[in-house]
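The next block holds one structure in the form of structure tokens; read it before the comments.
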């Protein structure tokens, strides 16, 4: 049977605020346990929440960026369940009236096609603490530093039809929240977490199959693997005559399998009701307009501008706008050298492979955008050839200085003096007299192939420094007479 | 609405309240009579009435995003039942 | 000296006729002598009181004293007091030494008042008779076989027995007004949001409001002046300006429109109380008031709606008592579930457990609309009733309770009959309007309380009416012992 995969994502993005969503505690990652857990975070009797303005602003930014309806009156509700990392015995979240309503994002798939994915809603809530399972005489330790950190939970429509689409969506949201500066996107530290709702159905069937929720997957690679593993499990289960049970499952990357989680609250009766300690949040239209006017250029707008302003291909524009850091780097290179195409080629080519090899992000690149731009200038003014430039780039990556310093120090300046090149060519032709004979006896088609041999010999003789265009032109004159 | 033994057990479990077997009938009895009192409000037609969550119907004030709390761990853990290395201890949490 | 009102004591302190230390020692001695049987205090803070009294005497000497400086007060044991046990009348918090100060008690500290101790109360303020306290029932100073009312029964008994100059209480469904009525005091429940709830251990967040319990309206005005005001730590606290509560006390009552809700004077009202209130109405008429009949057509729905809303909020508010971060924890829990179940089973009393279960029920899947939402809609109807009534009258007058104080143990096995005694007080909490209770005479040698309700923020008017009545009567001067 042909199966169709249906995937929806719930993404928890920690908002980059200085203080927690309902208290004045710091949100710094990695502090000593419980040193950032204040009276409110510990749910001391008699304490009360007061909402952080920045969390509201960040959520509105996100809503505008996905073209969503903003919840002009939104309400906090309590989600009641007992767990040691949840000090109040309820999580303050939003239920009926979230701050961000229906919106959408466009994702670009590997083949360049663009697909629109619906965002059902995004709501503000507080994060829980952490249970540490190191053995304290059979006890777990609870650290509540994270409790109360603001989260934006972004819920997608079940619009994805493959693991790759799910990853593309997750990457798009990841890029977006980083562009907006509302989340640092650090998946290893849990600042950006994905839960995937996965189901399968026979192709052509309209109703959804029973879904399983895969919890807290902490890298894009694992999203793809976890979904594929889970899809495989569900298909095999159904084909063997079984049925999928709606449940929460945990992906184990070491075994590449998903397994059922013992449910936190077996009945899952969260008894949501409006939090009586908080009042409805009313957002003024003028506030929305102010936030809108402060929005940075977003990935999609950037992509379109890179195409129209720089004449880049859709693919190049989309790669270069994937992250704000990448786009900023590219634009700096472009500004320095004044050549968008060369800048794009170098950023996507040599620079990207260097970063991949060293497994670092572009903002930690050993070659600065100004350095790369400076080097491209030397290509453009014929000081060096493209080939020599690769050597210069490598040297810059090794910290040997700017392009000009390296060219000077290593004597890589291109030879453009016609007399010197002619003298060198004469030597090369004299040393290869037989081949010259052969060339002159050949027809046009054959000559074309042989010409490359002479160019190679000439470049070798000049140790790569002769200007290739001049070499070509002068060789042609000398051979063809 | 009369509550039976299983209702009481379910509610007590949801609320994480342990009950002695022998107490359950008395709880069922008293909770049923309370629910009987409460059910008097079912007779009223409230269609079209907006629920009222807060008497004054004002709106939420926002706090500036400023860190105002410093580390009070030692003082706050002095009243905790069980701590070690700055952590609150609970019987092992099984995921 | 304990026969003096707070205002008189303040004058005596300022004229140096007595010192705060003398006054404090006097009250401490009375507590020592009389409270063994009354049981109105859970904790007596003798050393703290004397230290504060000495500081107050210094302020009285250097001229920086205000009207409350040096006045010995008692606080209901649900206001967090730093370094002092704050039990909320529960075994759950028997060992809870609050790590911070509530806004209300901090304001009294700032005003230079003296804290004699923390008063007994129904467990987590859930009760109308002060019999649900872990620390045992409080006795009514007028007849020690009787309850003093609740939940602020300890504060009521302490002030009535002249063990302190005045006390704080909280009122969720009548917990200031009903015990004031049963013990011959003047007690004020302010408009919801008028007094900060920070540091006040929550029973039902959208109903709870703190207020003063004293001998006279004049004393209540002085106390409310210190308590009222905006607090940025309580989102439900209002930014409305605080008036001078003593300024209008002496306004004549000429033209005052007093409404008698017909629903409050029907079946179930004790004849002795009805007669007493009738006399009080005549007295107000004699002072110039016009009496009108008004209607609160949905009043009879207030009790069911209240027990849904209060219990629902309480079920969630009390989830934080889980034996993890503070408070009672059962011995040797075998696992996490056992920790929760036994800590809460052993730490909470029967009435608290019942209300938690009722609230859990009202919020649970499938019942939310029928209970919680229906109750919130009725709450709207009740508010609308008040808005309509206050179009016609300035204040609404009724008894505080349909029955006089009853015997300890009489209603302990019949929660519903106890709930029904809250009939006159509960509507004000649902609507959030202010109300004052004051002594209106005696029936069968027991004090009868009269309640005056007013529109939002009409505290100055309520205190004015009460004060004028007290200028014309002497019920408030009668002492039980």
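First chain written, first letter: the chains are A, B and C, and each begins at residue 1.
In this section, contacts are C-beta pairs under 8 Å (C-beta built on N, C-alpha and C of every residue); 3 or more make two chains touch, one makes a residue touch a chain.
Keep in mind that what you see is a predicted model, and the values were worked out from it rather than measured.
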(request) Could you tell me which pair, A-C or A-B, is linked by more C-beta pairs in contact? (result) A-B
(message) With centres defined from CA atoms, tell me which chain sits nearest the overall protein centre.
(response) B
(request) Between subunit B and subunit C, tell me the centre distance in angstrom, where each centre is the average of that chain's C-alpha atoms. (result) 23
(request) Could you give the separation in Å between the centres of subunit A and subunit B, each centre being the mean of its C-alpha atoms? (result) 41
(request) Would you kindly tell me how far, in whole Å, the mean C-alpha position of subunit C lies from that of subunit A? (result) 58
(request) Give the residues of subunit C that touch two or more other chains, as numbers and ranges in rising order. (result) 96, 99, 206, 232, 235-236, 315, 319, 322, 324-326, 336, 340, 360, 364
(request) Two or more other chains in contact with one residue: find those residues in subunit B. (result) 14, 16, 53-54, 58, 60-61, 63, 72, 76, 82, 88, 90-94
(message) Where in subunit A do residues touch two or more of the other chains?
(response) 39, 42, 44, 50-51, 82, 84, 142, 269, 271, 276, 278-279
(request) Under the touch definition given earlier, write down the residues of subunit A that touch subunit C in their complex. (result) 39, 42-51, 78, 80, 82, 84, 87-90, 142, 269, 271-273, 276-279
(request) Please give the residue numbers of subunit B that touch subunit C in the complex, ascending. (result) 3, 7-8, 11-12, 14-19, 27, 30-31, 33-42, 44, 46, 49-56, 58, 60-61, 63, 72, 75-76, 78-82, 88, 90-94
(message) Could you list, by residue number, the parts of subunit C that touch subunit A in their complex?
(response) 78-80, 86, 88, 93, 96, 98-100, 102, 197-202, 204-206, 232-236, 312-313, 315-316, 318-322, 324-326, 336, 340, 360, 363-365, 368, 372
(request) Using the touch rule from the top, collect the residues of subunit B that touch subunit A in their complex. (result) 10, 14, 16, 53-54, 58-69, 71-73, 76-77, 82, 84-95
(request) Please give the residue numbers of subunit A that touch subunit B in the complex, ascending. (result) 17-19, 23-26, 32-39, 42, 44, 50-56, 82-85, 131-133, 136, 138-144, 250, 261-262, 267, 269, 271, 274, 276, 278-282
